[in-house]
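Each of the next two complexes has chain A plus one other chain: chain B in the first, chain C in the second.
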Partner chain A sequence: MLENPLLSVKDLSISFNTNEGKFNAVDGVSFDVNKGEIFALVGESGCGKSTTAFGLMRLIPKPGEISQGKIIFDGKNLVKLPEDEMPQIRGKEIGMIFQNPLDSLNPVYSVGKQIYEGLILDNIGKQDAWKRVVDIFNDVQISDPKERIESYPHELSGGMRQRVMIAMMLSRRPKLLIADEPTTALDVTIQAQILELIKELRDTFNTAVLIITHDFGVVAEIADKVGVMYAGKIVEVGDVYQIFENPLHPYTKLLMKALPRITKQEGRLETISGTVPNLVSPPKGCRFHPRCPMATDICAVEAPVFKEAEKNHRYCCHLEVKKRGTHH
Partner chain B sequence: MSDMMEYTVRRLTMGVFVVLAVTALLFAIMQLMPGDPIELVASPRVSPEKIAELKRLWGLDQPTHVQYFYWLGHVLKGDFGNSITTGQKVGVLIGARLPYTLLLAGSSLLLQYIIAIPLGLWAAYKENSRFDKTVVVSSVVFWSIPTFWLGILLMLLFSIKLKLLPVSGFKGFASIILPIMTATLPSLASTLRLTRTEVLEVIKEKHVVTAYAKGLTDKKVLIFHVLRNALIPVTVMFFLSLPWLIGGSVIIESVFAWPGIGQLLWKSISSQDYPVVQGIIFIIAILTVLSNIVGDILTAYLDPRVRLEMKGEN
Partner chain C sequence: MDIKSIAKQVFNNKMFLIGMIMFFSILTVAVFANQVAPHPYDTINTAQALKPPQSQYLFGTDQYGRCIFSRVVYGSRIALKVGLIVVIIESVIGVVLGLLAGYYGGWLDRFIVFVTDLTWSLPPLIMALAIVTMLGPSLNNVVIAIAVVSWAQFARVVRAKTQAIKNMPYIEAARAFGECDFSILLRYILPNILSPIMVLVTLALPQAILSTTSLGFLGLGAQRPMPDWGLILSDGISYMERAPWISVFPGVAIVLTVLGFNLVGEGLRDLLDPRLKV
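Showing the complex of A and B:
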């Protein structure tokens, strides 16, 4: 008997009412994240992946708001939770780290103090809290933790700052960590270290991770499951090996080709022509059809529905695909 | 903190030169003004010989730079000279007026910040609400009203029509209310606008999202993260406006016949009473330099990034 998933997002839509019109940045998105699982949400800029992440924390920037759907986290529907109960979820149950760790830390407080501030929300003593700050710095492999807790954000390197953010957001042992492009602003070598750290922490604390990225390299490095998003919708979801070995949606295939590889392909990196559509008036039918190399007449008329290719692997396209194994 | 010490010493040394430059410049300007104090004091029947003798007595026949260094030498010994019009010691004259100015300007400055900061914070937090719009519009109105006109209007309303408060002069506690209102309202408006703008800017910063993501409540985020950062420029403004305590009180003290430094300065300029004017400007210059330094040091204390820049300067 399978356990209920830790996080179950059901038909979630997040709409923005702007001067140019109302649009759904996130449009009927559904996915599950199990305990201790690393789920990657992948897509181009503007596809709604970050908005989804902020939606889970109920921290969507104005004028955005959740217009429909459910976010079932640990048995509670976060969409229906009163605003004044959200602080008990944030940090305590769900932590979140961001793309640029310098902007994300308050410049006027020492990094230790910023972690301490979260810890004392749990009614632990001052001394215990500071001891925990030092411990958690050890956990995220910051050397000289006793001195480092006194540092200000601008005195640390990018990788260190992201370690501090991770320390802050894991200090209260949340069940889920949301990482919004956690390595995008970092050097490649530091990227690998941070991803490695997130994986290790997941193994130690059994924290589920929802990682938001545009980079299939990151996905390959860390994810157990993948959801591919395009223009506010999930177009394909599956286990990481299913997505990499047998991508089914044309958009997923194109994204994979845009990934630099040293072994297989030499020469030019492929790009996907065109840009993400304007969501105020999205294309009719399948939203990807204007850019899709395999589009047929029906794609411009009718929106495709999800099909199950195999267990856990679903995609949303009119194309029929051969079952796996036939061309293996 | 030794960086800070070095910085302070350097700033103080520079400050000494600033004060010297300001007083020297003022000395020169006073000389350029038409007429001279002796002619204003003496009646037309006094003989030219007597006037020349008086000038010699006061040192007014000497070249400007000689007069300046004579003055400076005495100031360093703590002697600001005597008023030309009344003959009283300048130090005594200023000392008698200073408490009134500090009472009026000081309490209006405090009042201004105590009211402006919470209102500005709340207006920004409720951006575009009716409260915010009211606050913004009324601060534009109050900021645009000239002080003397506002003073006269308030006087008309509270003293003449309603007969609640004394018109002018210093006759006990009630007489301070109108001058304080007149001094506070316009600067309150500008401080409020500054606070509101700064809060709006900080509230959009990403570390505020982090603070929420950490699980902090609205109240804690607003006070410890938003306000804490937004108050840095507001604090600087506070210290930069300190010299204005004296300089800015000229108009209000004249309107309300308030027996403070501002009124003394105004009277002394009109009667070309050089020593008194010099003395007051000397105090304003020192106050300006000191409050700038204190403002900078406090900024460094409040913002660790500025501390880094200070080290960089050395």
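Showing the complex of A and C:
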């Protein structure tokens, strides 16, 4: 890649100091997101993917804190940025949409007013701001935008509210949009529409998107690149085709098998036995070894390092790469 | 919610309606005291002393021949004015402290909670008494004294509500949108806790009026010949057997005012509580 990536996370750790002890919810995570690219961070609940997202915004709830690493965004290291400069990044440079669109809008203002107030932060004239609100409502495909801007959040459906949320976060034209499980609370048809919308907006505005999800179906639909997370670490990164055609880490393979498919209806859906480990005392060696069907003796002793299987496709496991296509 | 359904709810809540009627009557009397009162409140006419209620003196006269009706009418101005100023001061103190404590938490929260609990644990009237005695008896000092001892309930309620609201996803969304703390407090949290504050204000107003008249009764508030209801009442005590009307009418005025405000407050609480809506 000749161009510098828009977002480059390097060796990021986020630790929580709790009564039970200190643990790293995110442990040495690195990944890059380029301009106009959709990067999906996938993993089970509690694997640290949302914490990573909040870490990028420097909005980690207490007692969490970034304990090491760099977040290089557009040439600036966000970890080192003073707190009073973060509001200029949030919303303006990096937008974020949330899992729960039902409660993500302030119930006392009309939806247009909320977006309008955000635009005013950028010193835009009143009439221009209102025009922008209507335009952005058009962009996110809300019908009758002129009437809808008068609506209050409780008058809108969940999908509509998520559209408003996206409109709000796009209104200030951020370079990166973080979407934390944007479709989890929505039903399947609306889910598809919202994903389609995010993709279209990426095409129109060339916004980079970091999408957080537990659903490989969402990944398949939208992502260009994928990072698979397990217990605070990224275990495999690659282009979406590489990951789907040739998953290398056993965890990725198992996650794929747990995905319902229409084509192969063979018995029950597979699940991964066991649960995500307690991160206060993570398993020695590879963190996945207690649940890994291919674990060998070395896995319990030595933590694996990243290996490059092909260009842009790296995985973190002691297993050696098999030739492409042979694993079917 | 449209105006029709609001009106319907208001009319279904009879107590609120009665309270509102009382509230507006008192307000009208206070505003148009010059027109309503047949006599000035301080004209002494010893020839007419201690007259029982009659057509010329609706509520009778006191030992100086002053018209009690006129004095009670003008007294409503003092009661409302003092009550309003007290409530404004105490609600501003309480809301600001409650917002800060609830939003920021940590040592600031512990400190504010400590001060609030301290204020809460002192008997308000006796504290107010002590403050007025220290500053000297006057209406202004009464305002200060009552406001200083009664902001605690605002701080408590606002703190609790702020803690509940600040964990709502839309606060997180606001922060992710680049809103600063000040803007979040002012535009996101405050508007969302306005209805409990409104209820508190309407319930604090009669309390403030009661405290004012109590201090007036003890001679620590408005000074003679100001027609403070508490003062008139206390002046009438020595004539209780010969001329009970001197004390009874300002007493009734106090009761009706406090009752009216309480009814409005309780009605407002019911109207603003979404759980009670059918």
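Here is the rule we use: the second predicted complex is superposed on the first by the 322 of 328 C-alpha atoms of A that agree within 3 Å, B and C clash if a C-alpha of one lies under 4 Å from a C-alpha of the other, contacts with A are read in each partner's own complex, and residues count from 1 in each chain.
Please note the rule applied: a residue touches a chain if its C-beta (ideal position, glycine included) is under 8 Å from a C-beta of that chain, and two chains touch if they have at least 3 such contacts.
Everything quoted here is computed from the prediction, not taken from an experiment.
In the three-chain model built by superposing on chain A, chain B clashes with chain C. In the superposition on chain A, contact is made by A:169 with both chain B and chain C.
Of the two partner chains placed by the overlay, only chain B lies in contact with A:152; chain C stays clear of it.
Of the two partner chains, chain B and chain C are each touched by A:95. Shared-chain residue A:285: touches no atom of chain B or chain C. Contacts of A:118 after superposition: both chain B and chain C are touched.
Of the two partner chains, neither chain B nor chain C is touched by A:247.
Residue contacts after overlaying the shared chain place A:64 against neither chain B nor chain C. The interface of chain A with chain B overlaps its interface with chain C at residues 57, 59, 87-92, 95-96, 98, 100, 103-108, 117-118, 121, 165, 168-169, 172. Touching chain C in their complex are the following residues of chain A: 57, 59, 87-92, 95-96, 98, 100, 103-109, 117-118, 121, 165, 168-169, 172.
The touching residues of chain A, when paired with chain B in their complex, are 57, 59, 84, 87-92, 95-96, 98, 100, 103-108, 114, 117-118, 121, 152, 154-155, 165, 168-169, 172.
Taken in their complex, chain B has these residues touching chain A: 205-207, 209-217, 224-225, 228-229, 232, 302-305, 308. Across the interface of their complex, chain A is touched by residues 168-170, 172-180, 187-188, 191-192 of chain C.
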